[in-house]
Amino acid sequence: MIINPAFSATLPVALVASSLLPGLIIFALAEESVRLRTALNLLGALSKLLLVALMLWGVYHEAAFETRFELLPGLPLVLRADALSLLFITLSAQLWFLTTIYAVGYLEGSPHRSRFFGFFSLCVTATVGVAMAGNLLTFILFYEMLTLSTYPLVVHRGTAVARRAGEAYLLYTVLGGVLLLLGAVWLYTLTGTLAFRPQGVVGDLDARHHTSLIIIFVLLIGGLGVKAALLPLHGWLPKAMVAPAPVSALLHAVAVVKAGAFGIVRVVYDIFGIQFAATLGVMMPLAWLASATIIYGSVRALFQDDLKRRLAYSTVSQVSYIALGVALVGPLASVGGLVHLVHQGLMKITLFFCAGNLAETLGIHKISEMNGVARRMPWTMTAFTVASLGMIGVPPIAGFISKWYLSLGAMEVGADWVLLVLAGSSALNALYFLPILYRAWFLEPAGDWPQERHYPRAETSLALLIPPVITATLALAAGLLASVPASPQEWAKLVVLREFLDP
Amino acid sequence: MIASLPTFHWPLNAVLLGSGATAGPLEWMLLGALAVLWLVFGLWLLRSHTSARRGLTVALHAIAGLGLAAAALASDAALFYSGVTLAGYGTVALLLVAHGPGRARTAAVQVLLMVLGDLALFEILVSLYSQAFSVQFGDLRAAYAVKGQGLSLISALLVITAGSKVAMLLLLIPATDRLPSWRPGAASGLLCVALVSGVLPMVRLVDPLLSSESARYSLLASAAAAVFLCLLSALCVLGKSRLDAAVRRVSALASLSVATGVRGLAMLAVARRLAPLSSALEQRMLSWPFAVAAAATLALALVLAVAFGGLPA
Amino acid sequence: MSIVSPLVQPVLLIALPLVGSIMAFLLSSRRATVGVAVVAGNLGLVGGLIGRLCATGPWQHSVGGWGAPLGIDLYLDGLSATMLAMTALVSLGISAYSAAYFSATAARHFWPLWLLLLAAMNALFLSRDLFNLYVTLELVGIAAVALTAMRGQRDALVAAMRYLLTTLLGSMSYLLGVALLYHSVGSVDMVLIGETPVPPPVAAAAFALMAVGLLLKTALFPFHFWLPGAHSSASAPVSAALSALVVKVGFYILLRLWIEVFPALADEIAGLLGFLGGVAVLWGSLQAILQQRAKMLVAYSTVAQLGYFFLALPLVAAGGSRVWGAIVLLVLAHALAKAAMFMAAGNLLAFAGHDRIRDLDRVVQRMPLTAAALGLAGVSIMGLPPSGGFSGKWLLLQASLEQGNWPIALVLLLGGVLAAVYVFKLLEHIFTSGTPTGEPRAVARTMEWAPLMLAIGAIALGFLTTTVLDLLAVGEPFVPGRRDDY
């Protein structure tokens, strides 16, 4: 199907602009113009959803969308929509919409909202750019833009604690950016191209470059692993919990951590090519590192009393599933890793939304304060329950599908020890999620809630209630209806097919 | 009469990994038994506790019942597994609602056993799928016949699955004073769960009619495993506090080592020690005589170097 | 176009600011209007010249029809045009800022000196023989010193005195070198000297003297002792001009000498200069991190960024035009970003009455444009994409990795990390609360927009990299001897 070339070149730019322009306008708005700001936010989110739908329809009909711009001599800025980027972008667009609604409700009456939503929109712009990057230079450009636009969100509250959290965040992310830059430039001097191509661009290089390629791989994964919270580069994540709940939801489900994991997928699939990476011998160490992170994150989560910190360590653990799926060189494992990108996003954002609800409505920050909360906020806790059961791997919620494919993939490549890791992770997840559920549903409240606010129509403000319910339903649907043609599972299979077999 | 019951097959291709529901004579018998037991359980629940949480009770009962039905009727492993886990979690939740927080320890152990059993079942299904490449029970049975002969990992896992679920049931019998008994009404609910998640996997995967020798041995082994697991759980409950303390000590050690490593990474600490030193040095350099002397020395060095072509590039 | 083209003459670039300077001196009011008008006209002229350059190629113009050696020849090629454009753009920003910054009494001194500085810099970028370069260099130096001392307070006077003595020493050293060459060759024409065989001791001595003089003016470590004091104690627009433009002229002359006059000699000391540049980057960044005052932080940041230009010199032997292009790109990006940073720091000082970093209490809320300017300028200084600083850094990294020069690559990366530390040290206190001291004063709109526009320019440079590199290549400035082709 032929699409007007002008249209196919402008659509990627339009996608980036749909959150950049509202963001820049919001910066200029006065603090009191709530309606205008909310309208701009929602307009941006809806237009992005519409554009993503257009793009999906186009790619389904075999159209190609690409924008090119000469940035450095010989190295263009490329925004391209392929199957993998669409996987990430669809997730981002939907979750941005829901997080916007949530943030409007959460920050009602808070100071500096224009600044917050301005940087919020910039953050989404950077995520969309990361998703659609067609070469490593474009990826780095938007990756660093992500760092810069999330920093003001982390220090939004302006306290000394926030400042220290921002310092830790910057320490890790700037060092990661340096590693990534060095790896990219070195790669460019070796191959003369940084384009993302299925099955990689380094396969034709001479064998004498193999040592350099291994070091480049370590550099790139190190740079990306900071954002993807791989051991031991994960230290910034629990500290960044000082940010407001919508920021944690965005950071941990959609933007920063996923950008890092997505980058790892891109580097392994489209720069090195998975078969070549296997011959280099770098995949097994990555699998070990991912497994270690999975277990470590879950173990640390066991001992946190602060709810958001427990969820942060849980994220550290869960995002490494994606790296593990990539590192096990097999199509089934890859499907598992890719599909977990979407599933973990849905489940984790639900958990953070619910944590934000508890903090905002009842002043609850610690798990020990959560006794009997389900009676006061049943819908929130139902969403929380669905999401946590999904994390444990209980079918028919989406987490089961990811674990299924990852386990199968492990058996397919003969790495049976991974089954132990996954089983251990499920057990640990149960160990730290089930007590929360028990406290909430089956215990009596200890006394008054720390700081209760009453809402007229429901247990909490509707803007705070509806997003987690929707995302929990989506998580359930993604698992229950996993074999529907448009589901994340089917889409992930499409991506893997193009990577492993010659198209 | 049993043969005259209709058999149907209902494909559900969009659900999970492509599943379906089948009902043959065995399934109808099972459904019947489950329905009766579940109804008894429901009536006991309604009668046993106050009306405060009736809504929650009814909802959980319905969901868990749905899980049981799904597990009974499933023709593929994924839907079966979903039903099993739903029923398990639902039943334990119902019992907790009925008995309140006083039975927390026993409930915790039952949940642990349930999770263990679920994990073992998951591993079995994954293992068989990698052999059979299908989630339909017929194919999985054929794969089990190949992989699960005699003393193999899969047969051991199957024993653990069955055993843990039966052990959940057995925990109703007071083993020591520390495990108070729950009322018999609860037994019917747990019996459902034990049937569906304990015995049914064996039936589905090994032999539908329990006619072969291996099936009978597996059944015996499961009973033994059940008792063993029950005793082990009792031990854990007794020694829970000591176990807690040991694990806490390990975690504290881990977090300390990571924090030290990260602090070593932060160069700012080193820089802070060097800061006054370098500020003093810079102040010296900004002073006039030092600057002139340094500049003159360097200029001289430059001139000499260039003049004699001394410096390597 | 045919009506306008006779107007588009390189001479006007010198004449217009000179006339403007005299007018500003003579007028008793409306000095700022004259100043801004002249600078805007200057920018228009530069635009026209670039247009003509791209259309017809580089050319030479003899002032008054008198050719060398009697008269003065002005040459325009890609590199000159780029430097002129940099000067014009940054000057416009600084002038707009100054129009609102200076009171009437201060403006009496500022505008004549500032326009004189502009005329001198334009003349310097258009000259191509050694003596002209000396004259214009001296003019630039004296105008800069006068501007530094303008504030009249004790710290400004001390710093200006130190600056004056240093700059005079540098100029004298340079002149001595020129004299040696003239005595040996009989001409001050650069290309001629480059082609004539000069006796090695003379060449070496001349080069050493000229290099030392220029290094003093460009504040390479350890000759940087005058810079932090001068740049931080001057008034904000003057600091911007000093850091962004004045220190670059010395480097420009060194670049021309490197290519045209002393290619062989220069390659021998490239290693030493690279080493000093590396030390400058690391030492300057470290000192910037330790500063307590915003303007001192920005001044030390200049020391560090100047080091980058010298750090890349060992790469030019093998890299040629590509490396030179990257260095000039860095020069451009630094000019835009540093001017923005100094003007923003001036805003902080005007707003709070002090520029102590720890006491900046959430300034971002009351001066968002200034904070945005600092943020965007910081992005270029750190070398994060997309910005001119990133493009230059990438190209230099590429060159150093291609030539296997690992120390340079590592210093480039480490410099970026340290820059991030001091930029964010400034930014984090702007975002988070401190102890507010005293009553804040409102800052004029123009004073907030000027640095923001320059900072946006630094970011836009990242997207215009190929255009700028193409412009630079007009006339092949990095290949010796091309000047006589036009």
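A, B and C are the chain letters, set down in written order, and residue numbers restart from 1 in every chain.
Just so it is clear, contacts are C-beta pairs under 8 Å (C-beta built on N, C-alpha and C of every residue); 3 or more make two chains touch, one makes a residue touch a chain.
Since this is a predicted model, take the numbers as computed values, not measurements.
Q: Examine which chains touch each other and state the graph shape they make (line, ring, star, complete, other).
A: Here the contact pattern is complete, since every chain touches every other one.
Q: More C-beta pairs touching across which pair, B-C or A-B?
A: A-B
Q: Give, as an integer number of Å, the spacing between the C-alpha centres of subunit C and subunit A.
A: Computed from C-alpha means, the inter-chain centre distance equals 43 Å.
Q: Can you check how far apart subunit B and subunit C are, centre to centre, with Cα atoms defining each centre and the answer in Å?
A: Computed from C-alpha means, the inter-chain centre distance equals 64 Å.
Q: Rounded to the nearest whole Å, what is the centre-to-centre distance of subunit A and subunit B, using the mean of the C-alpha atoms as each centre?
A: Inter-chain centre distance comes to 23 Å.
Q: Going by the contact rule already set, what residues in subunit C reach two or more other chains?
A: In subunit C, no residue touches two or more other chains.
Q: For subunit B, which residues are in contact with subunit C within the complex?
A: Residues in contact with subunit C: 268, 271, 275, 278-279, 282, 285-286, 288, 291, 294-295, 298-299, 302-303, 305-307, 309, 311-313.
Q: Considering only the defined contacts, which subunit A positions touch subunit B in the complex?
A: 171, 232, 235, 296, 299-300, 302-303, 389, 392-396, 400-401, 403-404, 407-408, 411-412, 419, 423, 426-427, 430, 434, 438, 441-444, 479-484
Q: If we count contacts the way the header does, which residues on subunit C are in touch with subunit A in the complex?
A: So the residues of subunit C touching subunit A come out as 362, 364-365, 368, 372, 375, 379, 384-386, 391, 394-395, 397-398, 401-402, 409, 413, 416-417, 420, 424, 428-429, 431-433, 462-463, 465-466, 469.
Q: If you look only at subunit B, which of its residues touch subunit A in the complex?
A: 13-18, 56, 78, 81-82, 85-86, 89, 93, 96-97, 100-101, 104, 107, 111, 115-116, 118-119, 122-123, 126-127, 129-130, 247-248, 251, 254-255, 258, 261-262, 265-266
Q: Which stretch or stretches of subunit C touch subunit B in the complex?
A: 162, 173, 200-201, 204-205, 207-209, 211-212, 216, 222-223, 225-226, 228-229, 265, 267-272, 283, 286-287, 289-290, 314, 317, 421
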